[in-house]
Structure formats: structure tokens, C-alpha cells
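As C-alpha cells, here come the structures.
Next come two complexes, and both contain subunit A; in the first it sits with subunit B, in the second with subunit C.
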Partner chain A sequence: MHLLFIKQMNINLNQICKHFGKLQANDHISLLIPGGTIQGILGENGAGKSTLMKILSGFIQADEGEVILDGVQVRIHSPADAIQHGVGMLHQDPLDFPPMRVIDNFVLGQSGGLFPDWKSVVDEFKQLSEQFDFKLRHDAYVDMLTVGERQQLEILRLLWLGAQVIILDEPTTGISALQKQKLFETLKILAGRGKTVIFVSHKLEDVENLCDRVVVLRQGKLVGEQLKPFNTKNLVNMMFGKSIALEESKSHSTDRIAFELRDLSLEEERIQIQNIDLKIQAGEVIGLAGMEGSGQRPFMQACAGFLRPVHGRILVNGRDMTGMNYPAFKRQGVGYMPASRLEEGMIPGLTLSEHFILAGQQEGLFIDHDQWQEVTREKIRDYNIRGKPESPVESLSGGNQQRALLALLQQPLKLVLLEHPTRGLDIESVIYTWGKLKERCCDGAAIIYTSSDLEEILLYSDRILVFFSGKVSAPLSARGTSVAQLGNLIGGKDWARIKTGVGVTA
Partner chain B sequence: MMKKRWLNLGFQLSALVLALGFTTLILLATKTDPWQAYKYIIIGSISSLRKFTDVLVSFVPLLLVSSGLLVTFSAGLWNIGVEGQITLGAIATTWVLRLLQDSSLAPGLIIALAMLAGMLGGALWASLAGALKTYGGVNEIFGGLGLNFVATALTLWLIFGPWKRPGIGSMSGTEPFPNTLWLPMISGFRLSLWGLGLGVFFIILIYFLMKGTYFGLRIKAVGKNLKAAYLLGVPTTRYLMLAFILGGALAGLTGAIQVTAVYHRLIPSISSGYGFLGLLVAMLVNFQAIWVAPIALFFAALNIGSIQLPIVLKLDSTLSGVLQGVLVLFVLLMDGVRQMITRRSGGAS
Partner chain C sequence: MTNEAILLGLAGVLTTAAPLIFAVVGETISERGGVINLSINGTVLLTAMGGFAVSVSTGSLLWGFVAGMVIGALVALIVAFGSVTLKQNQVAIGFVLALVCRDLAYFIGNPYMGLEGLRLPSLDIPLLGDIPIIGTLFFNHDLMTYLSYLIIPAAWVWIFRTRPGLVLQGIGEKPAAAFVRGSNVRRLRYLYTVLGGAIIGLSGPIYSLSVKAGWKGTISGLDGLGWIALAITIFGGWNPIRAALGVYLFAFLQWLGLVLQPSLPGVPSQVLQVAPFPLMIMTLLLVNIGNTEWVTRTLAVLPAPLRRFFNRLLRAMRASPPAALGTPFESE
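Moving on to the complex of A and B:
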């Protein structure tokens, strides 16, 4: 079908400018992307990457500058307009999905026919879905999907709508290494067939593995360009204006038990987890590895009190919390940070300051705005958020929303549950954020987090639980595990050699 | 920021102009002189002190209902059940008045107790819709509609059954209360300063509640994103219920005032459509408490001003309803246009 057409589209962005109030988000950016290539876009949080991509895909309009597609200057007024021109964008935060079925969402935005031919649409959907080995069921409801799965759905939909140019704004943070590999293969095939792929990411190695060419944005300006093969050091320098090195992370594990699961069994629509025994020490960091949808989410939700276990007990600091709800867990010092930032984490339309008020302690009846303004300023400084107390949260860049989410977690906590804590953060901020999290460990908090980045899991965890379709490994020591081993386990290999479910305290 | 505010005002004003234009077209289509119609509306509402106090009589219930609806709206709730809540307020008030009218209690105390009962009745009726929503998963629109029907049926049953006038029950309602049990009126007018005072008091209260308190912020958070509010630590069920109860209490108070200050008895259509009109006001003000009073006053003026249209122009008095409805539609429309424009340039997606 349309995947077989060989048609190339050259993109020429000329002197694009965009400002928000006093802030110059895009400052005279010019960029030429030849058809059939994979163009990487790098830059620290708030550099202006998403803004530039939103302009190209019609979500917002540039103040100045031209978009020229195949030599023709075009005005792109809306995302629908963009797709007409063959430009499709995958959002950084795949939100705003109405509660409909996957397949309904899939046909949404299709032009032509009043009545979709369901059978052939479903067939095409399945066919596309298989190509990427996505485990999306066409009759599942979108609001039940994980962030990663929503991204998958969006990719399929854009391809199906016949996009010539596919823009992916940080697509790799929600999906597993294996799925990422598949995605990359597919993107390469697509490029081979003449499609243009624009890939925005913070992960240098992803960009280096995938892209043919890279540009770096910094404070709204285009500051550099490289062709394959890339010079990593140079790229980092362009992004941050200095070089950055990963440091060995220290363990703060103590021998006091902060959290305990006894013979816990969970059941959710698609997945069952059985007989987990686990003791986590205060100060310990536990990483959950596995493909999206392998059971990490129900596990986390049970630990936070959203999901009632069908069997077994949950103990926080020695107190039996089985069967209690989230507010009770929260009062016991359990904090939870969801993956979807603007959907579950924060409230679009309210300001940063109002978020800190909501998350904070009530004092009296009336809000002392000056005092909270001060509190917010402190958090902004402390977590390095680029924004003002009165900024509505939706106006923050993705990375800055993430920092705000982390800053909103109460202090102190006994157990911190984090879904993809560094999703969308640039390298510098990842290091900084883990510094902040480890400070909490120092104060005696235990951390359980998910991440699709195996390096991150190995670097920052003390122990690791691997999830594979509802099976949970015994905790593995992060020191004694390699990326390759972890990768195999996530893919369902080598499970015969490890114990499952039985927790051995390290 | 300043610029944005002016822009919003511009859009709202243009909505007003469009609504007037549209209504004018309708008038022209029915071969009525629009100037005459508008002139009579204005004359009919402010030409004399008597008329202006009548406007205020209509303003009080509208103000109270709209203040309550502002709270439920902010919590993201479509409190369609507000008509039933007014009715239940009126029923509860009538009940207490009937119960105590022959007692030796001071009349002032009886009135106060009856009005409190009215607030409770409204709150109770609202909390039913709230419980249906939060515990039963029934959308508040359907729950509210159902409860409205029940409330109307209950009123009719009471008027024609247990509370019927000596002799036969009639559509004109229950036996009027003696004027010792009326809210004090300004002599010679139908207006009760007590009612007006309560209306003004509550809109000010709601203004500060929504603007400056933890309660107001939490209600807003619940309305904008229930899930996130819950995760941030807001007890969402409690706040949804509180919004219903507060909105219902104010609707109940409206019913109480209609009984104690306007009709002095229970009549079949005691809510007089103020609930639905209040929904229009609440939609128009778009969560801003500061606008409730002026808009409610404007609507009340339209109500009263159009009363004499049938007599002088042979025009149905529902013209005010047309203008009010059209105005809301155009304001919503212009708001959509404004959002489309600002999204383009602001990119708040």
C-alpha cells in the first residue's frame, strides 16, 4: 500500500522565530532536511525543540519565518493541515485521548468515507501492528493503555494516514529496549523508502544509533550541526556548553526494613502476578525492568494502594496496610509519581504555585499567596525548574514538567514510587535528579522506580526486579548484572536460571 | 497579561453585539419594530422605583442559584438538578412553617428555622445526585434530571394531597401563610431587604471562597483534573460531595426565599425556572464570581422588562428568554473562537 510509494520530501525551515511573552523559544532557526533521512534534534530541556516541531506540524504558528516543503512555501494552520501536506507528529505527551477503542482512535482523523470499512481497517491495523511487533489489541480501550502503548498507537495511525514526514518527540522513553530496537529498525526502513524522520531525543546514544544527521538547539538558537559519524563529546558540549560525565552512584541502603510484600498476588485485566515476597530496606533503590505492560504498573499501583491485592500482605514500615486506599498509604509516607504528566500528574490550567499549595499542608482557611509564592520559588530553585510560580503547568517544557512533578512529591517519604522518573530529562538533569532522589535515600526513603533505560536501571538501582508477562524475578543485584543479561531477561530468555518471586534480602 | 484580559473582554462584548443582532433579526422576521421592543424592555425594568424593585425581586433568586452553581461548575459538575433543589428547599421551608406556625415561638425564629430547613432540603436533594454520581457512577446530568421530576411530582402531591387548602386543592398552591411569617418587606414594595441582603452576602462569600481559600482551589483542581487532584492528595469524593451540598444549599435557600418573601406559600412551579436561568448565568460568567452579580442583574432586568411586551406590542414575553439563550450561545461560540486563536499563537496545547 502507501508504504510502498517512493516519494521524497525535502523540508526547509527558514528563519523560524517564536516567542512566548519575553521568552524567545525559537530564535531565527534555519534547517534543511533532505528527504529519506533521519534527522536528530538535540538540546537541553527548554531549548525549544518541541516548539519547533509543533510549528512544523501545525499545532502552533511561527511569529516569523517560512516552512518550505519540496520547494513550495506552505502555511500549516493545523495538525490536520499538516497531515494533508504529509507531515505527522507524535506528541511528547500522548494525551487527550478520549475513552474510545484503539481502532476508533485509529480511524479518527481519516479523511474520506463516512462509514469506515471496519473489517479492512482492522486487518490493516493488525498488519501494521505486527510489523512492529506491537502488542496492541484493536478492541482495547485507549485509556487503559500505558504511555508507551499510546505512543505505539500514534505511530501506527500516522503511518496509516500516509505521513511522508514523521516527527517523533521523545518517543523512546516509554518503550522497552526491545520495542525500541524494533522501532528503530522500522524508522530505518521507512527512511529507506524515502520517508523523512525527525527524531527529538535526549538520549545521545539513541540519536547516534539512529540518525543520519543531527542539529543541536540551545536557548532557542540552532548552535550546531553534525553528520554521521558523530562526535559525542562535541555534541554534549554544544548542548550544555560544558562536558558532562556520568558518575558512579552511591548506595544508601541500611538494614532497617522500610517496605515488605508477603506472598503478594495481583490481578489486573490483562495480567496476573503471583506470590511475590520482597523486603526493601530503608535507603534502598529498586529498579523495575521489563517491557511496558509486563506487570510493573499493577505492581506499583498495589504498592501505592490503588490496586487491592487478591492475596498476601503489604507492610509499610512494619505496619500492615493491606486493603487500605491511597490516601492511607500517602499518610504512611508513600509517594507516587505517575508517568503521564499532564493527565495524572498535574492539572492543566493551574499554575505551578497552585500545585504546590494543593500538594502542601493547609494552614488556616485562606491561602497565604505570598508565602506559597516563596515556597514555590524555593522549589523552582531547588529542582532547577525553568518557569515562574505563576506559569500554568502546561506552558512548561516537557523536561521542566517532569522536574515539577518530582518537586511535588512530599517530603519526607518512606517509600517513593516513581514511574519513569527521568522521562524527558536531558542528561545533565538526569544526573541532577538522581542526586536529589539519592538525598531522599540518605534520609531513609526507599525508592521503587520503573525505567525503560537499562543503563539507568543498572546505574542507579541497588537491586532489580525483572518483569516478564506477569512473572517477576527474584531481586537481582545491580552490581552483578550486565545490560546484556538484563536485556535477555526482559525478552523472556534465561528465566530458567533465576529464581522467581522469592525475595532474598541482599 | 493585561492585553489578554482586554482581548477576552473584546470577545465577550462582540458576543453581546451578535446576540443583540440575532434577536433583532428575529424581531424583524416577526415584523416587530426592534427599537420599540428594546425600548419597552428598558422602560419596563428601570422606569420606576417600583419596577426596579421588581427587578431586584427577580435578581435575588438568580443571584443565589448562580452563586451555588458557580461552585458546582468549578468542580466540573453539570448540576442540572438545581431546579429540584430549589423545589425541595421550598418544600422543606413550607413544611417547617406549617409545623411551627401555631406554636408559641417568635415569628422571627420560625422564619429563620424554616429557611435553614430550606437550605438543608436543597443540600439533601443535591447530595442525592452527588451520591448517585460518586458512589453509583450515575452521571449528574441524568441523576439531576430524574430528581427534578421527582421534586415536581412531590410538590404536586403535597399541594393536592396532604397540604391541600381547606376544601379542594388547587393549582394556586397551599393556603398562604399569615404575614407575620413573611420575610419583612419594604412597605409598598414586593422587595424584601432581607432576601437581597442574603443574596449579596452569599455571592461575596462564594467569591472569597473560590478565590482565596484552600477549599476553592481544591474544588477547582477536582474540576480540572480529578485523577491528578487525587494523586496530589485532594480527597476528591469529599470535595465533589461538598460542591454538590454547597450548591444545593444555596438553591434550597432560593426556594426558601421564594416561599417566605415572594409567594408566601408553596405553588406548583415554585422554582420558576430560576435553576435553568442560573445555569445560563453560570455558563456566561465562565467561573468568574465577580461577573455573577452584574449578569444576574441584567437577566433579571430582561425578565421584568419583557413582562409588558405582550400588552404593548402583542409580543410574547419569552423574548427575554430568546435574548438570554442566544447570548449564552454566542458567548460560548466566541469563547471557542478565542481559544482557537490563542492556541495558534500561544501553543498552550
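Moving on to the complex of A and C:
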């Protein structure tokens, strides 16, 4: 009965143009999204997806073109205007307030009386996060959360605000398969109720599962459109202008032990990990699987020397490094790439070449800018970064920031620690990046990385450690494990059947 | 020294602290929004002179305080214009204003030097004022001292418990994120800088109409108060309650210096005058100790519930400056 009263909003983007300097980020893009549907937006890194979404949500202004909502041309000058029109957006990198509490972040921006009704807000927050199986504590501080958890918080906030149009820019990089399923169910229900959902992602599979229709952007232009059911091959072709196949990944594992943990116990505000024994061979790739915040981050930080273990030893290349700090680890050839690229990984405001200068070896007092320009150009070519040596890092697209971060890791390394190395990368770049990383393995580097993508974990790792609320599995061989098994372990099931803690070298 | 004298002395500490309280709370509000109002030392002098001059000319105390607020707001408006609209360096603008306002105060204030003026009358609060000890200590003051008690929790509640207060924290922390949530960052920064300036503007008149009534130009003993307020704002972790405790501690130490001087003839008087500063710094370092690694590691040996309690306590005490403090906001 009430179906008759459903309010729908048709979105019509007409000839949207946006340029940054000489670069045409959006080039006469026209797009019609009927209300009540889920629209997917695909495109390689730097294609202009985020730019288009930021225009629709008022974060930036188009140079030309118009936005028509339900037949009425509207002027969206700021996010406040967009919110007025019922448009809400989840940004690719979480735009939140790290030193504030989760619940403060949740409430901030919501309209209402002078004093929020904290009790009911907390109740609603708990209810909502339970609905999605997100394990967020309302009184935690956001700077203690992982990037994935911060994305979860933003998803909850956006859904709670109840916008008519919900834009999600890469929302699935920080959530597990099960959580993703629940999120998708909810989005489908919302669409059924007449809301319009716009979903930007690099995961073709996600887009195909969720969306009713898809458009593809390439180099700022809209190059194609498809309705359900989708033709995957065709989509890939539109995105990259060629077809791409996944390759079987080779193992470069050797006999030499590159890294060793002996009876290691870690402790952090939220989580404790006990008695890990692990030997990693040179050239080996270890994938860490688990829901966000299950202990992967303290584990990584301990391996890099940021977090001192409360018990046990850490050996890099046979040398005892327990209790030393990151610079000491770095000198021993340990490199670390954090997940929050614009907060811990790079320095907003500095250009690409300045980043390479900072990361490089210092010789003498003065900087030879020409030489570094050349080095930067080489890296840009090598890692296929869309940007110039003089581009400030925050002007790069999300995926290109990620490539820059990878390019900044020094060479050679003995142990490479990577948090979500391919977060926000398109398929082509994922393959390319892993090619680059495997080259390092060939040179004898061991890699430890986290990812919320189980297929990635299984495809590229030699062995896998599963984390579940501070418990760590014995290393599993990637060959002998299936996506389903891994999914169960991550969700806390089947743990009785595997060994924990005491790691046996394969 | 009799008990009575000590009690009166302590009560005096609360009165002399009042100008600093307003200065610190005003600065805290401004900085929470991301704008450093570095002009505060000049503002305090200018408003002390202006408030006094206006009250002498109009014969009204009220107009004196209003003049202080207006002057404070106007100076802050210049700071806001320079930093929010022109996107210039806030430190440079504020510093220049601090010097200009000070000289203006001395220059314009010349004719009012040493004039007999009004003085804020003492206002005993009925009932509360009659309670032994407590009454003398807290409730035998003038109106502005009472207001100085009230503005501390009021500012705290506003910043940490209200919806607009959360937004205030947001625009100082990550303006882009506040912008995305629908805030007009520039307008709000103007608003809070000017509001903070108006509150700072009360501290001058309180001094010249109450604490040390009158205007005595360069020997007013007021020069420097603004710089201390800036320091206490920082050490107070941009939290009005902590900053207020810092102010009271500072005022108390200063009083102690004066009291102890006669009984410690061997110690040069300068030492006692300066001692409050390093003592303040030590105290505030102790308050911020939760940030250090060895503390975290020491705590690790405690049993879990106790450790969790301490961790929370330390975390709650931890203070970091608003991340976007001093930086202009570009929406594109």
C-alpha cells in the first residue's frame, strides 16, 4: 500500500566538465540515474570517478554542466546544499575526526537540538553496527581504529542520516565478505524503498552483485553503459581498452630465514596477542587475513618496530631486534607501508618529487632538484603513476596515491610490511603491483601484507595467518585453503580444527 | 599569618584570576575553531584602557564592559579577516596586532592616566556568602568573578557536549570533514574567532574596573598577561576546565610568592616572581605524561581491569592541538 507514496529521485547529470590545470578530469559527462536503482561506476585509477561524485555531492564545483534532480535544475555549491537536496557521500579516504570519539563522529553533522540525546544515539549506533556485524565501540577514539573501521563508521553514519541519494566511493575495501554481504542486502532494501545508490568500485564482482546498471569512465569520458546482466569481459574492455587476465602467481620462497618471531606477545589498548612463533623465509609472501581490528595492525607495527612486544623476540636476518625502534628496523632492511595514505604514509602539501627526496638517501646539505626530478620521473614511469613530479600528493586520485606509496618504499628490502597494498587500485594495477612486489621477492625480500580481499590473499600468498579477535592461527598453506574455509576462520568458526599461536614452518 | 588572612588571600587569588580566566576561555574557543588569536596581549591592554575610559566618560560600569567586548571582537574580526578571508599567516597578523594594540592603548590612554574612576562593587551572595570559610572564599566577590566561575563549565559544556560544539571541534580538527558534513567552515570560523575575541575583551575591563581599578599606562602591570594566557591555553590542552585549573594554579603560585617573600629574605624576589612559570610547566608536563611510552609499558604489568582504567584515564587527559590550528581552509 505504502509503495504508492515512495519518494524517488531521478538524477540527471548533464554535460559535466571539470578540469584541474591542463588535465580534463571530467569531460562532458552525461548520466541519467533513475530513482530507486543502484548505479555502479567503474573506471581505471584516475578515470575521474571521484571527481564526478564530489561534484554531485557539492565538495567541488563543476566548470560546466548542470545537475538536474527530479527535473529541476539545482545549484549545488557546497555539501550543505547537497545535504539539503538529500545527497550524501562516503568519501574514498575517510573524512573524519581522529582525536574524537566514535560516537562524536557519528553525531557530528546531524541536525537537531542543542544537546544530542546521547542515550538514544548510542542505542541506535549499537543497533546499526550490529545489523552489519561491525565491531565498533561507541566510546573508542577514532585514531585507535584501522582505516577499514573508519570506513565502516562512515558507512553507518551515512545510512543513519538517511539521505535520499547515497554515494559510496570504494566502500568495500575495509570490510569482510560477510559484512559486505550484509551491507549489500541493506543497500538493496534501500533501493527498493526508492533511494538511489551510487556505488564506485574497482571490484567487478561487487559491482555485478549489487548494481542494476553500470557506467564506465575512462580518462574523464563516459565510454560505456550496461544494464544487468553484465558482460564482464566487455566491462573490462571498456575500462582498460583491452582484456586482462589474472595470472597464476609464482612462489619465490627460499630456504634462508629472513625473519623470525619467537614466542611473541603483543598488547595494545584494544587487543592482546599471545605467543606467536613464526619463521619466514626470504622471498616468501605471508598474507594476514581477518576482520579489521582483529590484531593485524599491532602485529605489523611490532614487525616494523613501532610497537614494542611485551614478551618474546624479533629477529631480522638472524639479528635480534627486540625493543629497537623503526629507524633501526629500517636500517636492517625492513620497510613499512601504512594503510592511511594521507595521514601516515604521505605528507599533504608536498609534491611527489619532494616525497622521493624525503624518502631517499641524503647526501650533503643541499638538494639537487634536477636529479630528483629525474628520479621521480623514472618512478612515475615505473609505477605508472598518473601525475607529475610537481603534483601535490593530495591532488592524485586515490589509486595513484597508492602507487606512489608503493614507489616510495626503499630498495632493496629484506622484509616488506604492507597494509592493504592494493586498496583502491584497479585490476590492471593490482596485477602490475603484485608483479613489482614479486620482483622484490625474487631479490630475496619477504613480504607480510594485509588485505580484506580473500581472493587476493589466496592468490598471492605462500602462507596465510588468520586473525580473529587477537587469536592468530598457525600459518596455513595458501594452496590447501579455499575461500570458504578462510571466510569461516575469519568469522571465528572452525578454529578448533587448526592450531593457534605456535607456528610451524612449512 | 592568621587563618583569616590566609583565607582572604586565597579569596583574592580567585579575583585576580578572573581576567586570565576570560582571556584563556576566549582564546580556547577561538583556537578550537582553528584560528590562533595571537593579538591577545595587546587586546587585553586596549580593552583595559578602553573599558576604563568609557566607564569614566559615561559614568557607567556596564558601558565599560560592553566597550571591552566590542574592542575585543573588533580586533578578533581583523584576525579572522586576515586568516580566513585573506588566508594570511595567523601568527604574523596576530603578532603585529598585539604590538599595535599595546601601543594604541598607551597612546590613547594618556589623558585617562591616573584618573579616579568607577570600581565594580563587591556583591555578597545571600546564604551562600554566610557559610563559614566557603562563603569568604568563593561568595564575597564581585559580579565578574562569579561570571568567571560560570564561564568555565559553560564553555566546556558548549565545546564537548552540544551539537554546535562538536562542529566547533570539527572545524578546528579537519575542516574538510566538517565541510562535508554541511558546515560553513569560513562563517563558523569568523563567528568563533569574534566570539572568543569578545570574551577576551572582558578581561581588560575586569582588571581596570575591579582587580586594580584605574588606568596607569605602562605601569599597569598588565603587560604580559596575554602571553601567559596563550601559554595556559596550550598547556590546558584546549580544554576550558583544564586551562582554568592552570590559571588558578598560576594565580595561587604568584600569591604564594608574594606571601613567602618576607619570610625568605635569602631568596631574591625575582626568583619568587618567576617561580610560578617553571612550576606551571612541570605540572602540565605531568598532566600530559600519558603520551610517553614508558608509562604505557609500566602499565602493562598491572592486572587487566586496573590497566584498562588507567589507560582510559590517561587517554582522557591526553591533549593534542586542533589539527588544523593556524591553517586556512580551501574547499577546493
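Here, the second predicted complex is superposed on the first by the 496 of 506 C-alpha atoms of A that agree within 3 Å, B and C clash if a C-alpha of one lies under 4 Å from a C-alpha of the other, contacts with A are read in each partner's own complex, and residues count from 1 in each chain.
One rule holds in what follows: a residue touches a chain if its C-beta (ideal position, glycine included) is under 8 Å from a C-beta of that chain, and two chains touch if they have at least 3 such contacts.
For clarity, every value in this text was computed on a predicted model and none was experimentally measured.
Undergrad: Taking subunit A as the common reference for superposition, should the pair subunit B and subunit C be classed as clashing or as fitting?
TA: Partners clash after overlay.
Undergrad: If we overlay the two complexes on their shared chain A, which of subunit B and subunit C does A:480 touch? Say first, second, both or neither.
TA: The answer is neither, since A:480 touches no partner chain.
Undergrad: Give one of first, second, both or neither to describe whether A:345 is in contact with subunit B, with subunit C, with both, or with none.
TA: It touches subunit B, and subunit C stays clear.
Undergrad: After the superposition on A, what does A:108 contact: first (subunit B), second (subunit C), both or neither?
TA: The second partner, subunit C, only.
Undergrad: Looking at the overlay, does A:367 come into contact with subunit B only (first), subunit C only (second), both, or neither?
TA: first
Undergrad: State whether A:61 touches subunit B only (first), subunit C only (second), both chains, or neither.
TA: both
Undergrad: Would you sort A:71 into first (subunit B), second (subunit C), both or neither based on which partner it touches?
TA: It touches nothing on subunit B or subunit C.
Undergrad: On the A-aligned overlay, A:229 touches which partner chain: subunit B = first, subunit C = second, or both, or neither?
TA: Neither partner.
Undergrad: Determine, under the contact definition given at the top, whether A:51 touches first (subunit B), second (subunit C), both, or neither.
TA: Only subunit B; A:51 stays clear of subunit C.
Undergrad: If both complexes are laid over each other on chain A, which piece of subunit C (41-49, 59-67 or 95-103) hits subunit B?
TA: 95-103
Undergrad: List the residues of subunit A that touch subunit B in one complex and subunit C in the other.
TA: Of subunit A, residues 59-61 contact subunit B in one complex and subunit C in the other.
Undergrad: Going by the contact rule at the top, pick out the subunit A residues touching subunit C in the complex.
TA: Contact set of subunit A toward subunit C: 57, 59-61, 78-80, 83, 89, 91, 95-100, 104, 107-116, 141, 267, 269, 308, 310.
Undergrad: So in the complex, the part of subunit B that touches subunit A is made up of which residues?
TA: On the subunit B side, the touching residues are 212-215, 217-218, 220-221, 224-225, 227-235, 343-349.
Undergrad: In the complex formed with subunit A, which residues of subunit C make contact?
TA: That would be residues 161-164, 166-167, 169-170, 173-174, 176-184, 293, 297, 300, 311, 315, 320, 323, 331-332 of subunit C.
Undergrad: For the complex, give me every residue of subunit A touching subunit B.
TA: Residue list for subunit A touching subunit B: 18, 20, 51, 54, 59-61, 77, 326-327, 330, 336, 338, 343-350, 354-355, 357-359, 362, 365-367, 392, 394-395, 408, 410.
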